[in-house]
Amino acid sequence: MEGGASVAIFWLLAALTVGAAVAVVMLPNIVHSALYLVLTFIGVAGIYILLEAEFLAAVQVLIYAGGVAVLLIFGVMLTRRGHIRQSNPFNSYHVAAGVVSLALFILVVLALGRSPWHAFPGPWPEDTVGAVAEAFLGPYVLPFEVAAVLLLVGIVGAILLAREEKGEK
Amino acid sequence: MSFPLLTSILLAPVIGLILILIIPEREQLLIKITAAVATFVALALSVYAYVAYDQQLGGMQFLEDRVWVPAFGINYSLGVDGISLPMVLLTAIVIFTGVFASWDMTNRIKEFFIFLLMLVTGVFGVFMTRDLFFFYLFFEVAVIPMYLLIGIWGSTRKEYAAMKLTLYLLVGSAFALIGIIALFLYASNQLGYLTFDIQTLATVEYDIGFQKFIFFLMLVGFGVLVPIWPLHLWSPDGHVAAPTAVSMLHAGVLMKLGAYGLIRVGVFFFPEGAKFWAPLIAVLCIVNVVYGAMIAMVQRDLKFVIGYSSVSHMGYVLLGIAALNTLSLSGAVTQMFAHGIMTALFFALVGNIYHKAHTREIARFGGLAHQMPKVAAGFLIGGLASLGLPGLHNFVAEFLIFLGAFTSDQVLWGGLLSYRVLAVLAISGIVITATYVLRVVQKTFFGPRKAEWDVLEDARGVELVPIVVLCSVLLLFGLFPSLMVDLINTGVAPLVAKIEAAKAVGGIF
Amino acid sequence: MITLSHYLALAGLLFVVGLFGALAKRNAVAVLMGIELMLNAVNINLVAFNRFMNPGEVTGQVFALFVIVVAAAEVAVGLAIVINLYRRRLATDVEEADWLKW
Amino acid sequence: MMEYAWLVPLFPALAFPVIVFVTRRLRLLSALVGIAAIAASFVVSVGILVEVLQAGVTMEQPVEKALNWLAIPGPEGWLLKIEAGILLDPLTAVMLVVVTLVALLVEIYSVGYMHGDPGFSVFFSYLSLFSASMLGLVVANNFFMMFFFWELVGLCSYLLIGFYFHKPEAARASLKAFVTNRVADFGFMLGFFFLFLMFGTFNFRELAEAVPHAENLGLLALAAALVFIGPIGKSAQFPLHVWLPDAMEGPTPVSALIHAATMVAAGVYLLARAFVLFAGLPSVMLIIAYVGGFTALFAATIGVVQRDIKRILAYSTISQLGYMVMAMGVGSMTAGMFHLTTHAFFKALLFLGAGSVIHALNEQDIFRMGGLARDMKITAGTFIIGALALAGIPPLAGFWSKDEILLAAYSHGYTGLYLLGTVVAFLTAFYMFRLIFVAFFGPRRAGLHGHESPWTMTVPLLVLAVLSVVSGFMGAPFVAHGFSSWVYFGEPHHVEPNYVVMFTSTAVAILGIYLAWFIYGREAVSHEALSRRWQGVYRLVYNKYYVDEAYLWFFRRVVLGLAEAFNWHDRNVVDRIFDGVGDLVRWSGRRLRYLQTGHLPVYGLVLFAAVVVLVIWAAAPVIGGIR
């Protein structure tokens, strides 16, 4: 990626992602929000590609855009009540939430501005997937197994919580 | 290491406790006999230890060491010296007579004796241990059963009193815990290695400011137990509510835990701190003595009178500690022993009366000497001991304390008030004590015979054991005080040497 | 030239938007979406740091992957709760689920 | 015999437990054990007296044997050394004989008097305990041991006064006696504490050497004054005399032994034993003299109007004790001790006589008695001898000892006290013979018919009567080396008789007797009329100048009031503060509850608001661009 093109692409992707995120948050219609969420996920995947984390981008698209977004859409469908157009209003504390978020953002930006990142773009291994795989089965084998157990528990829990009681309607 | 004497004293009640666990509830007599045997074994061994203690050698004897937690230098090390041996003997005597004093209890006596023996194990542990960690551990073991014993088997306002007592003691022990931990940390980085052994911790040179602060913590922590004046309110309520054996143990022994702790962990570690806080203790203990005695004069409940008299008498112990010289300190330790025996006697008798008459209201009593001559005689001996009659042990103790405080030339408020004046105020206590004790004796035992009380029968058989044992101890050490005072001197000598070596520090005021 | 702070700024912005979404929304599912955004922002951070600060290894990406795993499990359980809430109170309104109220 | 001196207190001390635990059931055996014990002590005491006088043991070179009772080692030598020891000199020997003799006679007398009383053997055990502690006090060789037995004697007086504990007045009287003595012991203890502070010892001999050249005279005077408070309480001097008249609630033998002859004399004995302390301090001597003098007059006036036979004798005892203390104050230890000795005999006689009367008539008010001279020949006879001795009619014992005191006062220049002494002598004669004329010679009143007491009661009376006559001669001036050459302070002095003093005191006594005969014997003037004329004075004196009421008021108002205030303060202030801490926690808990709104976003907001705050607080310098 030569310099000029990658800069443009970065700004493009950034705008895309943030715009979609703002849409997810602002739109009154929950379904629109869900769709824009998918868009945000894809934007993030793009950024991963820019950071040469291809495998991660693929996983992002696959799980987030494919799985999580779909799940959210299901959630939206299952809990529909009242008019869909007003299904995603703000709660009574949204002003305070806004203030806190803004304050946090300012702090983050200030902190970023002040801290001297001595980033040195060194050689990036070609094959990130192999490295990741070795990491998973190397030093991180325990977290890897624990993650598996976590998923299992998560699924069982979700089923238990969400299944309908007999006779309950 | 020959026969582990101290551990067997400590474990005798525990074994008794375990045996009682096994015995079914309905075998009431068997339970009582087991408790009696267990405490008798402890008593016999304590008497043997008392006799076998080599006074010329002095210092800690009958040593036992077993490593417990090497990482922190905690080891299960036992030993008794001139100060702790009389306390062990006192505990053994009081629990032995306590068991007999509660011979006619009926409801749930299995749990009662289990908690009682647990309590006494804790107290034995505190007096015997040479390890600061175990000191605190046994200290807590002694406090917790107290709550249950008062809460379940108590009398007037027992829940309130049990809760109040436990809160006071636990808050107090929290202060002491902070002090102990601070002491431990400070010492370990001075010594370079972690240890909880009292002897080695005492060799460390503590900085003055540190001493002043930590001694205050110890003063509050153990002062609650003694009790020192503002923190004393748990003891009258606790005494009144507690069943006989528990109030015997409570006033007879638990209060000495506080004073012993103050001496062993307070004065022994922080002589400069002690000198700094001594004026405060001296003034507060005068309030203890006079205030406690005056209040005892207007109490309507017999047990309240004794409760407040304990507050007043423990004021003398504090005066002994505050004067910080050989005479007063050996007087203080002697008073701890003497007062323990005397209060146990009082509570045994009051328990006896209460059990039969179902009331402790002095106004309703009168002429009980007609129906209960032996109890009356016992009560009179207890009363005479409490007002410091010569020939009984308390007189020797009080005499030493007064003489020690009187001859010490420490001053307060820049010379405005001297210890001599405080000693005079304390001595005036003996007049007030004489008044209220004999007034109670007169109102309760003398005067015309009341038909209402003809139903009461005198103490006989088992009930006589506490009266006889305690009275004879008071008389024995009253007529031959050197039997105990010489032993206590060997314990007090190193303490006083440390105090003398300490730099002269101006008092708090 | 795109430097590390650009990515971090982007992640920060995304995180803040997600936070606003989570705190300000009435619908529980929207709150979940907000949380998802925040998690993605974190992932960007991880990968960006890995790429710029420590390119030799892939620990950043491994962590990102774990975050994704956890996020997935979290959404599943979150939605199950929301559905359960919906079935119990026929509303996914966050302010009506106030059983913890004093 | 002297080396067995420690046996004297030991015999009765052993008798006490023997009676209480062994022979309590058998009444006569208990009495015999008691009497045998005190008799043994008496024999040893007489032996000691003889040996002391022959072997030339004088006041300067006493025999002392002691062993450590309680010793606390200090850096150099003993920090505190308390001995249990005996100190034998003529003073001790005389006191031993007096105490053991009177105790023996009283115990024999009690066999008859206490006959039929349920607590018969307990009474004898208490008497033995009392004799043991009194003898212990006499032989003590240091202040601590004396204080030790001093309080034990106070205890026995408490037990014996309250012997009829079913009588509420007796119970109150015993409490009053003990507490009053306790107040005095408080002062006494402070006194010898000061001495220990200054001289570092309690031992009398060491003090005798150290006191003369003490430098801080002010402190010494304070110590001496405080030590004198002990005798004020024990010998019932003003203002601590209130307990003695009430002590009459006890059985009469007790009054005779304890509240007439021995215990109350302990105070005077202490003054004699520690005379070196007072001798060098004129200011303290003056206090002692005037306290003694005033008490003598004060008590005599009250005695004149009392109606109860034992109360009259009680006030007479207080008055005579005042005499002895005055003698000490005036500087003549010999006169004080001599009067103590003779007084012990005739006052014991008077009390036992009164006991015999009470035993016969079961009545104590003299105005309800009458004509006893005819019905109880021996009691009446001995009683009259006792009265004559007390009044100071020569040649009886009272005359010589009282004369010596008046002579001492006169010769040492205390003319005021001499006159006061003479007035008291007059009053003494008057109230004693008022009693005799009303009780013994008047018509038989209220149908009470006396009958003579059994021999166990009359023999002691006779012995004491003989002693009342004989004991005077040992101190009389014409005797070569009499009492004054044995018991003295400084150097033995020989008393040359001063006939003027002798004559005036006898004349005054006879005047008193005549006046008593005139009012009560011939009833020329009715005493009711007299008392009505001076009604105000009469009522004031009859009610003992309301001293008792004042103390009672003080105790009930001030002491109990203060106690109630403390009690209220304890319950409401201190307790409320600590309970308040508990309530505070509960109150604040109720307030903080409202933070939990239950809304999810609120929790999130609080969380992140806190994050913001923390970041600002922590990273302020970074963000602020300082670093």
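As written, the chain order gives the labels A, B, C and D, with residue 1 at the start of each chain.
Everything that follows uses one rule, which is that a residue touches a chain if its C-beta (ideal position, glycine included) is under 8 Å from a C-beta of that chain, and two chains touch if they have at least 3 such contacts.
As the structure is a computational prediction, the values presented were derived from the model and not from experiment.
The chain pair with more C-beta contacts between its two chains, of B-D and A-C, is A-C.
Mean C-alpha positions place chain B and chain D at a centre distance of 36 Å. Chain centres here are Cα means. That of chain B falls 63 Å from that of chain C. Rounded to whole angstrom units, the spacing between the C-alpha centres of chain A and chain C is 6.
The distance from the centre of chain A to the centre of chain B, each centre being the mean of the chain's C-alpha atoms, comes to 69 Å. The residues of chain C that reach two or more other chains are 19, 23-24, 94-95, listed in rising order. In chain D, the residues that touch at least two other chains are 599, 601, 604-605, 608.
Residue positions of chain A with contacts to 2 or more other chains are 91, 93, 96-97, 100-101, 104. Shown are all chain pairs that touch, namely A-C, A-D, B-D, C-D. Across the interface of their complex, chain C is touched by residues 593-594, 596-601, 604-605, 608 of chain D.
Remark: chain A residues 91, 93, 96-97, 100-101, 103-104, 107, 110-111, 114-115 touch chain D in the complex. Within the complex formed with chain A, the residues of chain C that make contact are 1-10, 12-21, 23-30, 32-34, 36-37, 40, 43-44, 47-48, 50-53, 55-59, 61-62, 64-66, 68-77, 79-84, 86-87, 90-92, 94-95.
For chain C in complex with chain D, the residues that touch the partner chain are 19, 22-24, 31, 94-95, 97-102.
Across the complex, chain B meets chain D through its residues 167-168, 230, 233, 291, 294-295, 297-299, 326-327, 330, 367, 369-370, 384, 387, 389-391, 395-396, 399-400, 402-403, 406-407, 423-424, 427-428, 430-431, 434-435, 438-439, 442, 445-449, 481-482, 485, 489.
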